[in-house]
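By written order: A, B and C. Residues from 1 in each chain.
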Amino acid sequence: MATIVETAALPRKRNRALGRFMRNRAAVAGAAIVLLVILVAIFAPWLSPYDPIQASFMTVRRAPSASHWFGTDELGRDVFTRLLWGARASLLAGVVSVGIAVVIGVPLGLLAGYFGKLVDGVISRFTDALLSIPFLILAIALAAFLGPSLTNAMIAIGVSAMPRFVRLTRGQAISVKAEDYVEGARAIGLGHFRIIVRYIFPNVLPPIIVQASLTVAMAIIAEASLSFLGLGQLPPAPSWGSMLNTAKDFVSQAPWMSIFPGIAIFLAVLGFNLLGDGLRDALDPREL
Amino acid sequence: MLRIIANRALVAIPTLILVSMMIFGLQKMLPGDPVMAMAGEDQNPQVIATLRLKYHLDEPVPVQYALWVKAILHGDLGASLRTDVPVTKLIAQKLPVTLQLAVMAMIFAIGIGLPLGVLSAANKGKALDYGANVLALTGMSIPNFWLGIILIFLVSVKWQLLPSSGYVSPTEDFWLSIKTMLMPAFVLGAALGAQLMRHTRSAMLSVLRSDYIRTARAKGLLRGTVVVKHGFRNALIPIVTVLALLFGELLAGAVLTEQVFTIPGFGKLVVDAVFNRDYAVVQGVVLVTAVGFIVVNLFADVLYVLLNPRLRKS
Amino acid sequence: MRKIMLAAVIAASVGSSTVMAQSNSTIRIGLQDDIGTLDPARSSQVVDRIVFSSLCNSLVDIGPDLKVVPMLATSWSMSADNKTLTFKLRHGVKFHDDEPFNAAAVKANLDRARSMPASNRKSELASIDHVDVVDEFTVAIVLKAPDAALLATLTDRAGMMLAPKTLTDDASVSTHPVCSGPYKFVERVQNDRVVLEKFAGYWDADKYPIQKVIFQPIPDSTVRLANLRSGSLDMLERLAPSDVASVKSDKNLNFISMSGLGFYDLTFNVSNGPRAPKAFKDKRVRQAFELAIDRDAINQVIGGGIFSPIGQAIPSNSPYFDASIKTTKRDIPKAKALLKAAGFEQLNVELTFGNNTVSNQMAQMLQAMLSEAGINLKLRPTDYAAALNASTKGDFELLYLGWSGRTDPDGNLHQFVTCKGNLNYGRYCNPDVDKLLDDARVKATVAERKPVYDAAQKILADEDPIIYLYAQPWPYALSKKVQGFTPYPDGLIRLRGVSIKG
């Protein structure tokens, strides 16, 4: 009985969600921006007019011009080119960090929400402890321990963001667990694992997707922050955050070095925020 | 009521222990140790050996942890390995600075976020709503350290309107203190205000949809009265909980803001300590922060129960 | 209500105007780093010395020409066997707590610096056997063996004199030092400021017009300069090289720079642990590296004109400077030929360096320059603590480091290139060099020591275990209000004769 209701409900729900999404102009704009960032990241080598790493000491700190749309930096490299290549680092940082957070956090949250009692107690205390340490400080300490690099920054951000997903998933799992069809599944003797995977997880998914998109935005800013502090992607590899780290010492002489990477971060983050918002509006029936 | 508080407090203890272990363990795993930095350029092996002995750095980690906990229970958080200043004194010096930043930032955030959120909800779908949402998204998406750099360049360097760094205590010179903190507080508060606006808006929206609001409107009450008196007051509940959450974000944001504006506060203290491997400071400060965070959350929980009569019965 | 507000506004504006009025006799100095401990015996940072130069007097001082001049000691003499250094002390000197300065105080301080467990001055004073109080104003330092560098060492922290009564409480010395300098300690807020106030009882008080000194550490060089430009600071040290041009052309600011005693170098890991590349054991490879580097280009692009190229450890204003050692000019074909002769067409090397703006630029520039000789540099930036760790443990291949420099040539050489040298991270070892540098320590006069240093430096220039890139500069930016400031090669800010106009 329950299964029939399910399979009938889902396709309609999905179509309605898609329709709602497409009608939301801001959401579509967000999706478009995200798509743009992804494309830029993938096609950076073909889109760049210059080499992002090769220093050119003759063209140090030139203002924006026809040959260098966004000017050059302190080692004579084209800012526009580095911006395009930097998209890779930022996008990777955003997606992989959240990936780590989701892959660790969601299963933990499911276990905590579903089994409750001792399992929940242990996982929740651990999560609370992580959440009591301010996110950025935890990320800084982790990144300092691991050493400055993009990979380590991603791990640090992922681990620091993980508690949110645990909390979210746990809360959702608890409320889904109380639903009738789950009770029914238990009644007919389905194993825990199957219940979690087939019934709890799919219904927990929508808010997780929303949160994931919003967390990607947060992770991009976090990576930029870590790089800004000297703990993330280090020069000469281009990353928007480390470009800003260097640029801050040249703000008076070469303001374009600071302006454009910041705008890039802003746009990427805005895109993911809009996308997340759009997804929430589309998937969450309450907002009607 | 009391039982709820007691319950929460009890739960907080194992969390606190876990936090202390986590931070301690993390510190120990950082490569390089402060003794080398303390021994400075000369790196005299005798000095290094003496310092390692003094700070128990060669003993097994669990032993060091036990020693640290024992000291804390005696009220001794240790001293900065770099300057010998006691950690408690450092905290006493730095906390007011960050608190001032936090309070001013919160004033910005609440002053911008709340009214915008309420107006937005009350005018859902119209241009005002749309515009406010754009503003909020902008505030949320701008990296605050970048905003700081650009503002320093424009406001301090080019136009010379406000100081670009430092800290002046309000007791020393009140207006200069405010002036110095203005830009950092704005930078920090902008992002928070944006989030607060969105939370307020959604809280207001769900409240405005509810039955008692419809009843109030049906009774013929003025729209303004309905919104403020009935709507807002009930929307306070989720808003208050969000404020507690934002407190954590505030601390995180303060770290970056204090770096950019060179404010000698809590955040800068911790970052510098991590880079200098100043164990005692990092441990002490993070522990105090965690305690503060737990206390604030406890406070928020209590407030939540107080504001929501329905919960009081349980 | 309105009356109260009005009163508050008036009070506030009066309040802020008094802050302005103070600036007549207060100097606010922006520092690059925060100070560590305020105990000269334990101090380990260059920036601490800047504060000490106003707070404490040492036995002797150096002049702008690097010659040792009297300070707390008015004259000194060395015994015939070069093992006893006798100082005649100045009369009428008081510590900030009004204790009298005398030979007993000198002995107490030197004994403490030599024996305190955590003292960083031990290696500097290692040659001292014991200190004798000859009479109230005469003190004799008896050495185990002749040590020509000792006099110069006593111009720095090792020779700084603290009030004897305070020496029993180490913690208090670190946080509230009582010295005998022109300014006394008022307060220190970590990461924020150090405040000093004129000591009325100073023996040379009338040469110090300024009444109050406030040091403010502002690590971000842009923000530091912004503060100077806006008037919140009166001077700053270590101006960023990229800001030199703009400060020079700024009508409201003065730019004064001096080449310091220190240097920035590339250290090869010759034999420190398993990571030492085999290639580095061959001096031809090391020479090839040096031939691939263009120091003038570095000075131009990164250095803003203040990174003076050097080819040796001894500073150019030292009497021991060897003018016959020329700075290597870039020669890529020769570099390639040397590499080939050593058996390498290509070489992959990792460069470890501390992560900051200038180092990052330097590393990338070196990468570009070396690539043209077939050397592929992989960059490994770390933070300072990790860099120190890596250096000591030999966890590096090539290291980019700085050294703040010492007045005596021994300070710039011995620890770095002798087989057991403390700071010899690359573990380069040549017994001939050891013999020469040890010998130079025990000889007495410049005339006797210079030939020995020349011989040692010749070997080092040929063997190239360390490539000396450029002299550490001390660039200052000052507001036009500051008058009478002279820079010194040791980078210290001496406020004698410095005043603030209106």
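One rule holds for everything that comes next: contacts are C-beta pairs under 8 Å (C-beta built on N, C-alpha and C of every residue); 3 or more make two chains touch, one makes a residue touch a chain.
This structure is a prediction, so every number in the text was calculated from the model and none was measured.
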Chains contacting each of chain A and chain B, listed by label: C
Far-end chain from chain C, centres as C-alpha averages: A
Chain occupying the most central position, where position means C-alpha average: B
Winner on C-beta contact pairs when B-C is weighed against A-C: B-C
Length of the line joining the C-alpha centres of chain A and chain B, rounded to whole Å: 22
Rounded Å distance between chain B and chain C, as computed from the means of their C-alpha atoms: 38
Approximate Å spacing (C-alpha centroids) for the pair chain A, chain C: 45
Shared-contact residues (touching 2 or more other chains) in chain B: 30-31, 152, 157, 260, 275
Sites on chain A at which at least two other chains make contact: 144, 147, 248, 251-252
In chain C, residues with contacts to at least two other chains: 220, 222, 383, 386
Sites on chain C touched by chain A in the complex: 220-222, 225, 240, 242-243, 245-246, 297, 300-301, 355-357, 360-361, 363-365, 367-368, 379, 381-383, 386
Contact set on chain B toward chain A in their complex: 11, 14-16, 18-19, 22-23, 26-27, 29-31, 133, 137-138, 140-143, 145-147, 149-150, 152-153, 157, 206, 248-249, 251-253, 255-256, 259-260, 267, 270-271, 274-275, 282, 286, 289-290, 293-294
In the complex with chain C, residue positions of chain B that touch it: 30-34, 36-47, 50-51, 54, 79-80, 82-85, 90, 93-94, 152, 156-157, 160, 163-167, 173-176, 260-262, 264, 268-269, 272, 275-277
Contacting residues of chain A [partner chain C, same complex]: 54-55, 57, 60, 74-75, 144, 147-148, 230, 234-236, 246, 248-253
Residues on chain C engaged by chain B in the complex (per definition of touch): 12-13, 15-16, 19, 34-39, 43-46, 117-120, 122-124, 171, 174-175, 189-192, 216, 218-220, 222-224, 226-227, 229-230, 232, 383-390, 392, 403-404, 415, 422-423
